[in-house]
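Which chain is which? They are A, B, C and D, in the order written, and residues in each are numbered from 1.
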Amino acid sequence: MGETLTLLFGQTIQMFLVLLVAPAITGITRRTRARFMRRQGAPVIQPYRDLSKLVRKESVVAENASWLFRSAPYAILAFTWVAAALVPTFASGLMFNWAADAVALVALLGAARALLALAGMDVGTSFGGIGSSREMMIATLAEPAMLLVVLTMALSAGTTRLPEVAEFLISAPVTVRVSLGLALVALVIVALAENARIPVDNPATHLELTMVHEAMVLEYSGRHLAMIEAAAQLKLVLYISLIVCLFLPFGMAPADAGSGAWLTGIAAYLVKLAFGAVLLGVWEVSIAKMRVFRVGEFLGGAFVFAFLAILLAFLTREVLK
Amino acid sequence: MMTSVALVIGIPFVSATALVLVPGYRASAAGNVLAMFATFISGVSLLFVDAGASSYFIVDDMNILFIILNTLVGFTASVFSASYIGHEIETGKLTPLFVRFYHAMFLGMMGSMNLALTANNIGLLWVGLEIATLITVVMVGIYRTPSAIEAAWKYFILGSVGISLAFFGTILIYLAGQKALGEGASAMTWSLLQAAAPQLDASLLNLAFIFLLIGYGTKVGLAPLHAWLPDAHAEGPTPISAVLSGLLLNVALYALLRFKMIVSAHPEAIDPGPVMIVMGLISLIFAAFMLYQRRDIKRLFAYSSIEHMGLITFAFGMGGPLANFAGLLHMAMHSLTKSAIFFAVGHVAQAKDTQRIAGIRGLSVTHPGLAIGLAAGVFAISGLPPFGVFMSEFLILTTTFARAPWLAVLPAFGLLVAFGALLWRLQDLLFGEPTEPAHKVRASSVPLMIHLGLVLIAGIYLPPILVGWFERAAEMLK
Amino acid sequence: MNHAYDVSHLLAGLMLVASFALLYQDRIFAVLNIFAAQAILLAMAVGWEAWTQQRPHLFITAALALCLKGIVIPVALHKMIVRLGVHRDVEQVVGVGKTLLLGLALTSLSLMLVLKITAAAESFTREGLALALAIILLGMLMMITRRNAVTQIVGFMSLENGLILAATGARGMPLVVEVSVAFSVLIALFVFAVFVFRIRERFDSVDVEALENVRGDTK
Amino acid sequence: MTGVDFSAAPQLAGLLAAILLYGVAAGFAAIFHRRRGALATVYPVCIAAAAMAAVADLAELIADTSTGFRLPLGLPIIGLYVRLDALSAFFGLIVNVGVLTAAIYGVGLDRNRDLTARVEPFFPAFAVAMNLVLLAGDAFGFLFSWELMSLTSWVLVVSRHKDADSRHAGHVYLVMAAIGTASLLFAFGGLAGAAGNYAFDAIRAAPPGPIVSGLVLAGTIFGAGSKAGIAPLHAWLPLAHPAAPSHVSALMSGVMTKVAIYGLIRIVFDLLGTPVWWWALPFLLLGAVTAVLGLLYAVLDGDLKRVLAYSTVENIGIIFVGLGLALAFKASGLAAAAAVAMAATLLHCLNHSWFKSLLFLGAGAVLHATGRRDFGGLGGLIHRMPVTAALWLVGAMSISALPPFNGFVSEWLLFQAVLAGPAFPEPVLRFMSPAVGAMLALAAALAAACFVRAFGIVYLGRPRSSAAAEAHETARPQQVAMALLAGLCLLGGLFGGVTVSAIQPLLQMLAGAPLPAAGTGPTPFSLIAFDAARSIYDAPTIALFLLISGTLTALLVHRISSRRTRLGPAWDCGFPEPSPLTQYSASSFSQPLRRVYGTTLFGASEIIDMPQPGDSRPARLTVRLQDYLWELLYAAPAAAVIGLSERLNTLQFLTIRRYLMLVFSALIVLLLIAAVWF
């Protein structure tokens, strides 16, 4: 009984941990970029301030906005949050992460994206439409790639349950695997696209015609915008933790380890997150954004990598086992 | 047996001569209906006499069904004529005198067809078919319009050539039988010939079969001997088109089958199968393509008759119990359905004052009942359920595929091409903005309903007695 | 008995020659005369058969052939041509030379076919049948190589002659047959006449081509 | 056994009674088709019959008492077999639930505007035909009802007979149906053999040899596949389904295609004997291609109902992939994996029938409210028809395979099956399964894009036409019908595990093994493939999480935030355009996708006509797409047939002499043959 309680506790920790740490990660990335641009840059906690400011401000809603426009932000945040809560972060084998597996994870993110795109079209402005259509086009390339990546993982681990995959990667002998390497490349590309990062999109842009994600949320303000922002930050965390837990899983507390191991796990996790955020910042300042219609080729590359990865995984599986 | 056969043949001929003398076309129409009803009854009475063969006549499982079918369709057609031809007088296409002759000739034609069906003497069989042909020639030309006369002339010339070839074939059969059965009538008696088939002269049989195939094939309307058929159907009075398609073609095919039995009973003689398969397929596919270019509604269905005769010939060419069964069933179903379609077409033509498909639109709005009848007929003839043709086509195609998969593709192809055309035309006729004029339909629709009803029932339930005939006949056909 | 066979064979051969003459001839009256001659030959052949086979009823057929085809029909057609003013020379679709060559080919084909018949069969069955078949095929050839309605009718009737020759040649074939033949020929003539006159009512010539201008299924 | 003791088989009895009731309704409507009052009773009767039949099917599915009897009808000697087993019952459930909702929708139809007299007699007849296909126990009965199904639905397709498009659709539809039936005839011919064993039991007793079974497989895939709408035999589907009245479209798309799948399963998994691994290849190839192609068509099309029809094509592709995997696993002796694949297939049949019916009914409501089907004339309907919009959103999310709705359940199972691919002994299959997986993933993403587009253009934004601006919410019965389906979509999504446990016997029968029982998972509702350690999907828990986190955030925000909300004009970067035409249109939405996918597959090209400065005419953008499949496989053969018929038609206009020549030459040819041969 106490067992279950601790597990439940752990699960709760993870849920709120990701939520709390998310703005900081964005902050770190921004800060890094600023520094590399020789700017002072906003402090790391700036995103927290922004969120609280937005929540307090009144929100302006277009007359012809529908109930969907108002309720979408909450749903989007909920979907993203749950997804983030399912990814193994500081410990595997938490109480509820059996509830969904890799496939479900992708689907949850897909649901959030679909709702966001719909919200973008609700008011009936041209920019909303631009954003939604481009977002969905990107998704048609990114989502399959993502799915193939997680399937590759699942394949090499022999299960689609993420904690077990992590477990497998922790325990497995450290051998160079081409398929996993390719998968990593694909996953990174997808992560960039999904989080509206350079070169696919520019989170800091104010040039409407180049916007994708920003264009969709153009009509949002106040608390609704806060939800959207929070969701975006959560998503970033989710992807980084997915990458790190799959490709550098050291320090993660194994399932049977008690709450003592968790502390070290959390510490390791936070370090890894910060590291990832910094890397992202560096990457973003060192490359330029590409035209929207070249994104297709860029993500097509991700799809190809992912496909090669799963193909190799299929053909070499019995060798591994 | 003799008495009912005598009745089946006698009633029409006698009443025909009587009708020539009867003044007034209404009376003659009534007489026609009455006589055909009596014939039908006597035809049915054949069920209760035991089968047998005299030197001139024969009643066996092979022909009893066709006799009954013949008399039945003849009866319904006479009912239809009675109301239809009356309308023709009102519109001035015919004079009362011609109508009187029409009814007389109708009876004569029916009588001669019955003669052909009941004949055991192959000469008699030939005579019966010829009289029927010659009478229909006159009836096709009865409207005396240039196109009608051309049609009749075409029919006449091709028909008489067919006659002569068939007769030469008959002589050859006699010569083939002469040695085994001795000189005289016995060498022309079908049942004896069939019994003695293995002793006959093979090469004479081959020659004979070729001439009979071409001769009677002309009547059946197999391509490329079909040329008379579409025009004769299109230009003659609609009841005659119904009888031509529904009965005369069947009778001719029946004659051909009788000879096929003899030939295929001989071990050395040619196997009629391949020849019939080839001619059948040619007719089927050729007619299917011709359907697309038809502008005249009666010619359309005339070509569909060619198509189905082709399919039936193909089935008998395949042989075997299932295919023969299917062929016989298809003959029966086709004659019922096709005559029903021509009844419907007659209604349409009278309702719209035209036979041109382009002039007929939106029947389903103006004449719903008629539209349903026509649609039912077309779907029935295209082998869609719940009609009887579906069963025969089901059997033909499945058994062909089971025995020769690649051969089965051809008839299926032909049928599908034909269906495409028929459906296309049907939709043109039924749907869209209705065209003017739209008279009320006068002619009786009872015959149509009777036929479609029978076809519908046959599609769901075949009575065992019928199945019994078919099976035994299929057995005789090998 | 042997010369009996020779004579019938001779007559049949002469009929075949007549058929060739029909194919050769291109003037309409000459065609009619040759046809009459062929009919008379047929009558003689049938008569001879009647006598040798001791089947007197065949004389009826002979008489029929003689009167009807030998005299009545040619005369009737002659009158008709005069009255309708059909142009006298027969347009031929295929040249005479080719036609005759085709005729020879058909004759040899019929011989080839009949020679396959077992020698056991009666002697007539072979040669006589060959000749009759040849006459029939030549009649058809004539029908399809001539444009003129009258000559087509003549072709058809010479085909009929071949039939009757075969029928009478077949020993002991019941009378039914001759009667039916005569019957059908009568009907044929009757209907022909009807049509010829109808056609006269409608068209200016008996030329079959004139009939074709009413097309079956014009667009 | 001619007689049957119905007390022993109450399910069959109930089903037959229901069919009889349908029949009565049809006949009644046919007789009194002029009387409005009489016609008004048709749909209620159908509802009763459908409910009855659905209950009977459900009972049979659970009890699995496969009963049947023989009637002295149909083919002579062989007779007509009627048989009800779990498979028929499962698809019967699909059929009758579909009919039920469609009939409820029909109750609300407006008799003054919709031509119902042509529809109402044939709606129940259509239902009868579909039920009979499932009950048929012999080849004749099967094809008989199969054709009847095509025929009745044809009447419904051409019910708007004055519109040339629906006539064309009807023609293409029925001809394609006939072609399909012909190839099924061949298939059954091969199964029955020369002896003519047309009864299914007889066929099972003596399955055909390897070559014949190959032919039969080809015939079946062609015949049933064309009815289901597998590419490239799909072309009739986007013509015919939209042409019919919407509740009939729902039946045709949601239900009739499943009847075709039933035929496929019945023949390939039941009658054709033990499978060989290569049988799976056509299924996998066709399925994968169809899934992607169907959606590309859908995402580029501009007509609401046609988009739905194309998405049906896509889903049929997914089902084909499932069947192929099941077949391959079964042939390779991997029963557990086969069970997963089969479960995915069956569940997808069920789910698709629900959300596709829902979407078509919604489309019908829109069509009725605005009179428009083209995206160009719609928009903003979420304000005028909120209920329809909400329910349609559920359908859209389900069909896009988004949790927690039912579409995702089958999708999830299918991916689990794909992941078992490495176990295949044959390299070909081992290579194909990841490829198929990739195609499926692509299809899933495209589906989301397609339906975001559809929903966004139709219901969101501002109305693009006055008709859309004055739209009215649809009638109550329609709402009830859609709500019913939406509820099913949600429940099916939450309790997929329960559904699976209901079809366990069916899986045992078709795949040779059941799925692991639901009890072995952490919660009784969790859906388990292979075993609990390997993959679980527990929808209720996830839904609970969503609920908690959603409410938590809502509460949190509302506690700390000022709840002030101001309504203002849309901002749009400071340039809010008054005209709704400045919104993103359907074609502009699909432009990026068109650029990425369309250029090669559809030869997509854009022509921009930009007027000179000072010229007042508007600039135009015209998009041209080419349907190569149609041109190649449909237009070209049709043209060939017509051309050939024109050539042959000269034979109608020869002179008598030439006709004689034909006869003569036929005779000579035969004589020559005789002279040479014999």
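In the analysis below, a contact is a pair of C-beta atoms (placed from the backbone, for glycine too) under 8 Å apart; a residue touches a chain by one contact, two chains touch by 3 or more.
None of these values were measured; they are calculated from a predicted model.
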Pair of chains ranked first by number of touching C-beta pairs: A-D
Whole-Å separation of chain centres (CA-atom averages), chain C against chain D: 69
Centre distance in Å when chain A and chain C are each reduced to the mean of their C-alpha atoms: 100
Centre distance in Å when chain A and chain B are each reduced to the mean of their C-alpha atoms: 78
Geometric centre distance via CA averages, chain D-chain A, whole Å: 35
Overlap residues in chain C, where contacts from two or more other chains coincide: 113, 116, 140, 143, 152, 208, 211-212, 216-217
Sequence positions of chain D contacting 2 or more other chains: 652, 656, 660, 667, 671, 674, 678
Residues of chain B touching at least two other chains: 153, 157, 161, 203, 207, 230, 293
Set of all touching chain pairs, with the criterion as stated earlier: A-D, B-C, B-D, C-D
Contact footprint of chain B on chain C as seen in their complex: 113-114, 116-118, 120-122, 125, 129, 132-133, 136, 140, 143, 152, 156, 159-160, 162-163, 166-167, 170-174, 176-177, 180-181, 183-184, 187-188, 191, 194-195, 198-199, 202, 208, 211-212, 214, 216-219
Chain D contact footprint on chain B (complex, rising order): 153-154, 157-158, 161-162, 165, 202-203, 206-207, 210-211, 213-214, 218, 224-225, 227-228, 230, 270, 275, 286, 289-293, 320, 322, 362, 364, 379, 382, 384-386, 390-391, 394-395, 397-403, 405, 408, 412, 415-417, 419-421, 423-424, 427, 430-433, 460-462, 464, 467, 470
Chain C contact footprint on chain B (complex, rising order): 121, 123-124, 126-127, 130, 134, 137-138, 141, 144, 146-147, 149-153, 156-157, 160-161, 163-164, 167-168, 170-172, 174-175, 178-179, 182-185, 187-188, 201, 203-204, 207, 230-231, 234, 293-296, 299
Touch list for chain D against partner chain A, complex: 379-380, 382-383, 386, 389, 393, 397, 400-403, 408, 411-412, 415-416, 418-419, 421-422, 430-431, 433-435, 437-438, 441-442, 444-446, 448-449, 451-453, 455-457, 460-462, 522, 526, 533-538, 541-542, 545-546, 549-550, 553-554, 557, 560-562, 564-573, 576-577, 580, 582-584, 588-593, 595-596
Residues of chain C defined as touching chain D within the complex: 93, 106, 109, 112-113, 116, 137, 140-141, 143-144, 146-147, 152, 208-209, 211-212, 215-217
